[in-house]
Structures are given as structure tokens and as C-alpha cells.
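Take this structure first; my questions come after.
For clarity, chains are labelled A, B, C and D in written order, and residue numbers in each chain start from 1.
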Amino acid sequence: MIKAAVMGATGYAGAELVRLLSCHPDVQIVFLASHSYVGKKFSDIYPGMRSVCDIVLADDDISKAEESGADVLFLALPAGLASKYVTEKLLSRMCVIDLGADYRLHSADVYRTWYKTEHYSPELLEKAVYGLVEIHRDEIKGKRLVANPGCYTTCSILTLYPLVKNHLIDTDTIVIDAKSGTSGAGRGEKLTSLFCEVNENFKAYGVATHRHTPEIEQELSLASGKDIILQFTPHLVPMNRGILATCYAKLLDGVGDDDVKAAYEMYSSEPFVRIIDELPETRYVKGTNDIDISWRIDKRTGRIIALGAIDNLGKGAAGQAVQNMNLLFGLDETMGLAIAAGSPF
Amino acid sequence: MIKAAVMGATGYAGAELVRLLSCHPDVQIVFLASHSYVGKKFSDIYPGMRSVCDIVLADDDISKAEESGADVLFLALPAGLASKYVTEKLLSRMCVIDLGADYRLHSADVYRTWYKTEHYSPELLEKAVYGLVEIHRDEIKGKRLVANPGCYTTCSILTLYPLVKNHLIDTDTIVIDAKSGTSGAGRGEKLTSLFCEVNENFKAYGVATHRHTPEIEQELSLASGKDIILQFTPHLVPMNRGILATCYAKLLDGVGDDDVKAAYEMYSSEPFVRIIDELPETRYVKGTNDIDISWRIDKRTGRIIALGAIDNLGKGAAGQAVQNMNLLFGLDETMGLAIAAGSPF
Amino acid sequence: MIKAAVMGATGYAGAELVRLLSCHPDVQIVFLASHSYVGKKFSDIYPGMRSVCDIVLADDDISKAEESGADVLFLALPAGLASKYVTEKLLSRMCVIDLGADYRLHSADVYRTWYKTEHYSPELLEKAVYGLVEIHRDEIKGKRLVANPGCYTTCSILTLYPLVKNHLIDTDTIVIDAKSGTSGAGRGEKLTSLFCEVNENFKAYGVATHRHTPEIEQELSLASGKDIILQFTPHLVPMNRGILATCYAKLLDGVGDDDVKAAYEMYSSEPFVRIIDELPETRYVKGTNDIDISWRIDKRTGRIIALGAIDNLGKGAAGQAVQNMNLLFGLDETMGLAIAAGSPF
Amino acid sequence: MIKAAVMGATGYAGAELVRLLSCHPDVQIVFLASHSYVGKKFSDIYPGMRSVCDIVLADDDISKAEESGADVLFLALPAGLASKYVTEKLLSRMCVIDLGADYRLHSADVYRTWYKTEHYSPELLEKAVYGLVEIHRDEIKGKRLVANPGCYTTCSILTLYPLVKNHLIDTDTIVIDAKSGTSGAGRGEKLTSLFCEVNENFKAYGVATHRHTPEIEQELSLASGKDIILQFTPHLVPMNRGILATCYAKLLDGVGDDDVKAAYEMYSSEPFVRIIDELPETRYVKGTNDIDISWRIDKRTGRIIALGAIDNLGKGAAGQAVQNMNLLFGLDETMGLAIAAGSPF
């Protein structure tokens, strides 16, 4: 039994993680913390978990997590907090899987530029690994600090990676037009998250400024072997869950269908990646840790349009965190993770 | 391993059943039939099940199901078909769990009156059992033909049963105002089921004529010991899943909080019934086989308002069918059934 | 040109009112106040009104409204504020139409009991008129203080009034099961109003305690000639706008279809009431000041089920306020009010 | 009074047109035809129009429309029908505004290639005018046959036109990622349009093959003076109405903010175009004939991201058709058209 602790357990990503961990056959939750609901039972806040997880929420004091006896600590916190909480000492006692952004970017400078906040433990950046299992599986094994990738980034990177890695596209022409369900905006009591402000509406936000941009660029640059600057635009969809990334790029001269097909073969034994003929739809990955990927080549324009779909709270957050935990602890990667999406759901 | 067959596998209830059976640790699906999609893979119709259930769909010829070697046959068919298909011979080869209405009413006359269609095997009615496990558990064991209850009826009966059974309410004053998500209307290509006709709308339908009425009356009459005639009104909610039943009745003289509380104690060891203090919400049972029940006594009016919430495709259809199967085959009733609802989902 | 002022202009009801007034051919808006957005343009908060209403928002100081030169002042404020703001002096300078609850109940005691707050001008209650035009048209003319009815109450009273007035039903058996779109919860930044908390969910709230109960009882008691106590239960629908009230009561002995039909004839020349054969749906009144009413008699149970549908921000708030203004100022009641609902919308 | 006739009156675009025409102060509807609902009243199909438009629907026999005495005939028909119906003789009796695609493309060959259907009156193509008023106002005046632009195309062309016309962008890099509400899919009883198939889902469709592509290319090529081939991808949003087009292109060397600003000045006196600082949202144009446009320059990538939002049934169909009618008949272009969007709606 892996003993697990979660800080930030009552945000949407944290709560989905608690749900997955509660149903995981090899995990026992030993500690849950919440900034806003100290002293309440988890199931008071998420009544769908009544009798499944009635643990009382501790406050978000990292020392309590450290003393909890957990083997793994999940952090689902606002930007900047994890970099304060994680220390060498903490890592000596338990693995940390951070669902936030603090350890994703290799450069503290890039972090400061995009996140407009200080990084409090830049010395740990080199100890962290970017936890996109399909790309970094071997590096993740044995690590103590895993930076769980962002939701948009997971979807964008996995969709484009084979094309970049195999030098099939002109990376200067990459445009990622991404769309997310509203749970991505979190559980904060913000005007812009109200039902009547979101429902029956569609909008872009963070145009040219969204923080997931450098994360995608970092990973695709590593794949490419040269610096990539790309266009990323997120949009808000009036639905609870799901991300679709529509990715555009000019194919390099002479690249055809077969090359693309061959490139995506890299995922052929991945349990959570489905390369499909039909265009992906978010509903078919809802509640799962899957990503569905498809592409079209437009001969008229010379572009490839590659599309990926994930559940932002699944593969885009909590699901991927459990996948990382499974990998760290030598379990089957799929353990405790759904691969069958109900429909309608 | 229980060998399972499903006819009507591509309707919403049938497909949810296939999803549950596919993930059930003790079940192997050996046969799936569909009227509309013969020859296609199940996962072509429900791509969220890719690589999970790629079985090719047979046509809806009952003899093929009969020859399939299944231990249990689930029927998820339009009214009238099951009563044609089920025979003594079929029942001698496999158990049948009918998700439709054909074997729910004990009287073929009542069936004809409300369903406006003939019943083709009235002689089997006495062999069938009404598969509401919480009420008829002992009768179900050992039966070969289980009539899986309707969605509205499951929610209404379970909510009101303790009050009726214990003679706490004036049964002449029962009003059930029920609301269902749109998956209850099925997957038929009807104008009234289009997104733009349902979204941003709320309406009642079937006022004073809905077919679930006699089913609720039958079960509550049995509980009461006398004939009950009640008011039932269904409404359509612009959401995928979920039923909430708001049930009204006058309390009999002298009945108080403690009596009501004691009555609901009958569910105290039920794995799928949660008696809660807060008012039930459909989201907290979504995707599960649970029912959440709560009540309020209004001293001003002398009424009790009892509210129940289920997932219409879960406890209201496919989940309950699996629960019945588990019971028939001596498994733990909860096997293969979710009790933790994610949120938001 | 009627000069109009609005306090509470940026709540949902207030903003709908500003939209209607802006498009009204005989109205000029001279003053808008907002607690939260002082100094901003109205169209900064509601960009759909860009170039239509760019008035700068004043703070919610009643003396400024009083000095604004308005002929009519609309109040769309939280409970308790209007009873502080309205004075004889204010009424001597302008008519007041209060969209809140402070002047709806004839008894300050009943107000205190249900609203749990003090009433600061009980002496004005007898000067106020309950602004349900279809019931109190003649009393409203010439008044200076109009209490614009609540949303649930408008729908419930208009639906039941003919039955009560004509003594067709046993008033002791009245159950009103009402459902509202989420704009009824207002624009406050509350957790329970977040998209992800409302979407794909259905729930009841305020069971046996909702403040609109005494308002319905007051008006129906007046119609009946004796005190009526009834059951009222509101529910939250995942849509922006619309209320459906499903109203149940036992018919008195000997009452039949013709009696009911005759009773609803009272609305035959009302411009905003449509008695229809089909069951009402909220979408068909969305954006209008209409109410659609229909009924069914259930011979089995002896009950009538009467259903009414309105737009909670239209006839249930801002539309009715404009109707009241039109009446007060001798205009055609329909002026500036839509009667044609687009679909889908 | 302009006498108006509509064929295809009961589709979503046709019905919105009937609503607008019914409320237009200078229009009298003299004829409505529908393929599916002959002999029914319009308000039987669209009950939100009860008492507003109770005209009985004729069958879709063009000769009846021709004999109707109308001054203007609107066609809202499936592709291919208009090109059969419109003749010189018809045009000699009444103006025709076609909401379909048959007369939008100047080349019958291009039409055949993208629409996979024959064009039955190619000789009329040169008599038709592309009815995008903001671009072709002077050419439209005096014409007898107006091709009302498509929904995606209206939004995309108006958003990009100033950039192309003023040679500010590299037209080879244009990517249009567009998203539409579900009313754009029409009222047909298709599986993919069911509530449960659309709700809580997001997907792309028609990637690299959508028929609106050549229409956008035609108009932008005319603006540019050279042939433009561009990328266009539509997506389906789970909401009733609204289109957002996110348009990407590389800025040409030396082009800056001021050049872009100056280019969009071309719309400064347009009554339906709002150039705004904030990012556009579909809700703020819902129900109106407006387009909201904004842009961002990304210095990192050298791209401009221009975004436009319309109501697909408003400016994208029925609203624009009324605007064209107003122009043809010498009325104020805004007559009968809303410019104030309610919110939430």
C-alpha cells in the first residue's frame, strides 16, 4: 500500500485526484490538506464522495504533510507555493508530485517572466523531472520530484511531439488553438466563472500571454533540437471538462501521409494514447487518462492539422499525476485509471 | 466468469451497461446485438470504448442471443419486444434481466392500458420478479427473469417506500414531481431531442399520462397494503444525466421527525442508499449506482417533502441491472459499480 | 419622454431593466447607480450594450437619485435597502418601482419573519401597491410606490389565480413545484453559482422556507377570501433564464373542464398572458414579458395540474417593472416590451 | 410597407428571419413556405411567436411565392434549390435575397467542387451580388439578387478584411480557427445534433474541407488583388448561438499597432461593427446584428491574432438578410435590427 498525502485537496484538480486515489487498489490516503476548509470532512465539500472519503482536512502547513508518514505527496496549489514548500529534507522523506507549475520550466528566469512571481527554490529545478510519461518515462523513474505537466501543455505537446521530433514540420509556423472546459478555471469564486457568465458564451483569453506557452515551447524545443517559438491561444468552452487542441503547421517539403503515420507510431504501445482516424472529441476521453489524436493533411495549403483531446482534470491533471505515481512506485501505469469513457456523461 | 449478452446494446442504457460490464472483474461479454448498427464494432458507435470493447454487433435476432452461450442476457429494447423474445426455453438456458417495462407490471391489463401495446407473454409475468433490490432482495435470488425497474420509478419508490410502508403519510395526497436529464429520452433522432430544442429550456411532459405511474403505484400499494393512486409528473432538464424526484405528502396525525428517521433506518445497511441531511443533488450520484435521499417536514403545511436523486442511466437503468446480476450470481452487490461521483463531471 | 433612474443597475435584473429602458421609445435614462462599479460606464460591465448605454455609474446614494430629476426610480436592491431609501419626500418627487421584496408583503411582521431583517418604513406599506398588473391594474394607476412582484410569485400567482378566485380547487391541497434558471441566483460571486457547480446538476433549495411563499399566499388568500397556506418548493435549472411552475391542487367536487376554461377567460384580453393547449416551455417566453399557461385535469386523482412559464428576468422582474411604468404613465402597457421569443435563443 | 415572402421559413435561419420581419416596422409578411410543415401555422412550429405570426405555411412551390405579390423573397433553403428556383422572370417580379450558398461564389466550377452538386442557373451568377454590406454596399444597391453571406464567412471576412486590403499581413500564413453554436447545424433530425451528443462535448469538423473556405478566399482575394489560399477549421460549441473566429497571420515587416488601428478605421461609421479593446465574446452580440472585433499583436511570434464574434443566426444569417433588405429598399440599415444584447441570455 502506497501512503499518499494531498495538499490543495479541495480544488477541482485536487479533488479529482482524491477520487482517483480513493479508488486506487494500492493506495491509502493518509493526509489531506485544504486552505479553505480546514476541519471539515472531504466529503462535506464533495458529497459525491460520502462514505468513500470522509477524511478530515488539515490546514495547509507543509510540516504536517511532512510528518504524515506519506510515501508520496501531491501538491495542487496556486503558483509559487510549491516552490516554497518543497525542500531537500521533504524530498528525503517522500516523493513529491507537483500538479502546479513551479518545477515544470527548467529556467527560473522564464518562470519569473511568465508567472510574474518569484521562484523560491530554483536549486531544486535540476532535481525535478517533467512528468510527461510518454516522453520522459525513463527519466522519471527513480526521481523524487515530478513536475506534473499542465493541461493545455499535455494535450499540445503529445499532439505535436512526433511531428517535431521527426522534423516533419516548419516549427516557425506552429499555431495551437486550444479550447478548454470551465473546470480549468478552478473553483475560485470569480465573476467570470459564474454559470450565467460562462453558459451560452464562447471566448478566447490570455491571447499571446498564456503561461502554458513557454512550457510547450520548452518541450518541443528539446524534441526539435532548436529553439521553438510558437503561437498558443486558449479559449473557454461552456462545458465542465475537456480540452481540444487544434494544431497547425506547414509540412516540410516532401513530407507525406506515410511519414506522419510513421512518426505517430512512437505511441503504438502507449496505454493512454489512441491514434484514431476520426476527429477527436472531448466526450470520448471524459473521465479517463486517455488522449485521442488525429490529423489531416491539407494539400491545398501544405499544412497539417493535428488535433488532440484530453480530459483536463484527467490526463491534464489528476490522472497524469496518478500515472506518474504508478511509474515511480513500480506499478502498472494504468492502475486506478479509467480508460473507458461513458457517453453521454 | 459470468458470460453476458446484451440486446439493444447501442441505446444509451444499453451502452452504459456495456461499459459497466466491460469493466466488471467477473464478467465476459460474449454477445452484443443492435438493431441499427449490425456489423459495426461497438467502439465505432461509442468511441470512448475504443480498445475496451471492440465486439462486432450482431443483429437483434433472439435466437442468436439464445445460442450465444451466455449465462445472462440483458434486454434494453423498446416496449413490447421483450415480451415477444422471452420464452420458457430461453429462460431454461440463461437468466434474463429486462431493462424495459414488459415484465414490471404484474397485470397485463394495466400494461396494455398504459403502454397501448399488446403483451405477448402474460404467462411469464408471474415468473418475473420486480428487480428493485432494496425492496425485493430475497425474492430476486434464484429467479430467472428480472424486470429491472424504470428510472423515475426507482427514484420515486425508494424515496417514498419507508413512509408508505410505515403508514406515516396520507397516501391520497402523494404528489411526485420528477425531473430527468435528457439521456432519458433515448438516442432516437427526434426533433424534441435536438440540442437546440432542449438546451436553455425547461418543460413538463406526459402530465397525468406517464407510463411510470402504474409502476410506482404497484410497488407502493404493495408496501401500503391498499391501492394507492398518486400524481406523477416528469420534466426534462437540459443536462445529460440525473433524476431528482420531489415527493410531497401530508403526514398522518402525530407523525414526527423521529418516526420518519426511524422509517428510513431500513436502508441503513444498503450499500447504494445514502440518507443525508443536505438536500440531494444529481451531480453527487452521477455515474454511480447510488441514491441520495433527504426530507424536510413543513410544520406550516403538515407535509413531508422527501427528495431522492439518482443517475437515470446508473441506478435508474444499467447500474441497477448489474446490481441485479451480481445478486443473481452470488457476487457482492457492489462489484463493478461506482460509488464515488467525480465533481465537476 | 419619461426620465428614468435605476439603482442596482448592474445586477442581472437591473441590467435587463436598463436594456429594456434603453430601447423604450418613450424613456430617457437620466441616472444609473451601482454599488460595485461606481465610475465605470454601464457598457463596461455589460459590453453587449456598447454604444447603446454608456452612462457612467453613480454610487448608490439615494440622495443622488432623488436629485436626478427622474420621473420614475427603479430599485433593484438586496432585501432591506429599499425600505431604508424610500421616503415620503422621495415619493413626492418621483414614482418608485421597487423590484425587491420590501413593499410586497402587506404585513411588516410577515416580512420580518421570512426575511430575517428589519423593515425600515412600515408606514409606507399601505401606500404601496402590489404591482401584478393583471390582478391589480386599477389599483396601480395613480400610485407612487409600486412593489414589483417576485419572479416565482408572478408565475405562481398568475397560474393559480383563476382557480382560486373562482373557488374551483381545495386550497389546502395546493403544491407549487417551481424551477428557475440560474440568473435568479443573481450576479454575486458565490461558490454555488459557479458554472461547474450548476452545470449538469439539478437540485431543490429553500424547501419549506423560501421567501416567496408568503407573497404567493398573500395574493391567493386575497383572491380566495380566506387564509391560504400552501407548499412552495423552488429548484435550480442549469440554464440562464426561465421559470416553470407546476401547480397541483385537488378540484372541488363537480368542477370540470368547462369551469376551468371559463375561469381562465379572465385573461382573454391581457396582452401578456397566453392560455395555450400545449404544455408551456420556458424557451417560448424567453426574453419576453409573456406568461404561457396551460393545465391538465387528471380524472384518476381528481387533481388539476396547472403550469405557467415566464422569463424570470422578463415578466418575473424587469419586463414587469416596465409594464408597471407604462401603466403608471398612461402608455400602452406593451410599449418597449418584446412579445416574440426567438428560438433557439 | 414592404411585402415579404420567405421560403424555408421553419429552419432555424428562416424562423429567425420571420421573427425579425414580424417585428420590423416597415414590413408585412405575405407568404411563408415550409417543406415539412405545410398547412400548419408558423406559430404551431415556433410557439414563441404565438399571436405574433400565425400565418399558415404554404408548400415550397416557387410559383406560389412568385404569385404572392411580395416585393422581396427570402430563400433559406438547402444548397442547390435556390439555383433551381431563381429565374429572370422571378427577378423581374421581386427582389430575391438568398440565405443559401448558391449565388455566393462567382464561379460555378468552384461551387460544384466544394458543394458536390450541380448549379442550375450559372447564367445568373453575374447578376448576383455578394451581400456583405460593409464591403459591397454600393454594389448591392439596385440589385435584384443578393447572395447573403455564410455565417462563418461573414465573421471571418469582416475580421480579416482590413488587414488584407491594406496589405498588412502575409496572406500565405492565414489560419482561421472558427467555433460555432449548434444552431448552425440546422434543425434536421440528425444523431450528431442530439442534445446528448453535443452537450458537454467539443470537436472540430470539416477540417480542410468546409464549404465556407472558398467563399472567404474569394472575398479576401478580391481585397488583396491576388489569389489567397487559407486554412479554415470549424468547431462545434455546446451552446445555441454564436460564432467566434480566431484568425492568425504573420504581420509583414514593419507593420505595427498604428497600421492595424488605421486599417480598422474603415469600419468607424458602420452601425453594426464594433472595434473593441477587450477580446470579443459571443454573448455580447447574441440576438443582434453586430460584429465585435479585436486584435492582439504578438511581438514574440510576429503574428497578429484578430478575433471576431457574431450571432450566427443574426449577422451570420437572418439579421444580415434584413440589413440587405433595408439597403435594397432605401431604409435605414438598422431598422428592425437589435443592437443591444441582453446578458445573461
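The rule is simple: a contact is a pair of C-beta atoms (placed from the backbone, for glycine too) under 8 Å apart; a residue touches a chain by one contact, two chains touch by 3 or more.
Just so we're clear, the structure is a prediction, and the values are computed from it rather than from any experiment.
Chemist: Of the other chains, whose C-alpha centre is the longest way from the centre of subunit D?
Modeler: Most remote chain from subunit D, centroid-wise, comes out as B.
Chemist: With respect to inter-chain C-beta contacts, which pair, A-D or A-C, contains the greater number?
Modeler: When A-C is set beside A-D, the one with more contacts is A-D.
Chemist: So, what's the distance in Å between the C-alpha centres of subunit C and subunit A?
Modeler: 46
Chemist: Between subunit A and subunit D, what's the gap in Å when you average each chain's C-alpha atoms?
Modeler: 39
Chemist: Give me the residues of subunit D that touch two or more other chains.
Modeler: 12, 183, 196-197, 199-200, 238-241, 281, 283, 286, 344-345
Chemist: List the residues on subunit C that touch subunit B in their complex, please.
Modeler: 173, 175, 177, 179, 181, 196-197, 199-205, 207-208, 229-231, 233, 235, 237-242, 244, 246, 248, 279-283, 286, 296-298, 300-301, 303, 305, 307, 309, 344-345
Chemist: Mind listing the subunit D positions that touch subunit B in their complex?
Modeler: Checking each residue of subunit D against subunit B gives 12, 182-183, 187, 189-191, 193-200, 238-240.
Chemist: Quick check on the complex: what are the subunit A residues that touch subunit B?
Modeler: That would be residues 12, 15-16, 19, 22-23, 46-53, 182-183, 200, 240-241, 274, 276, 278, 281, 283-288, 292, 313, 338-345 of subunit A.
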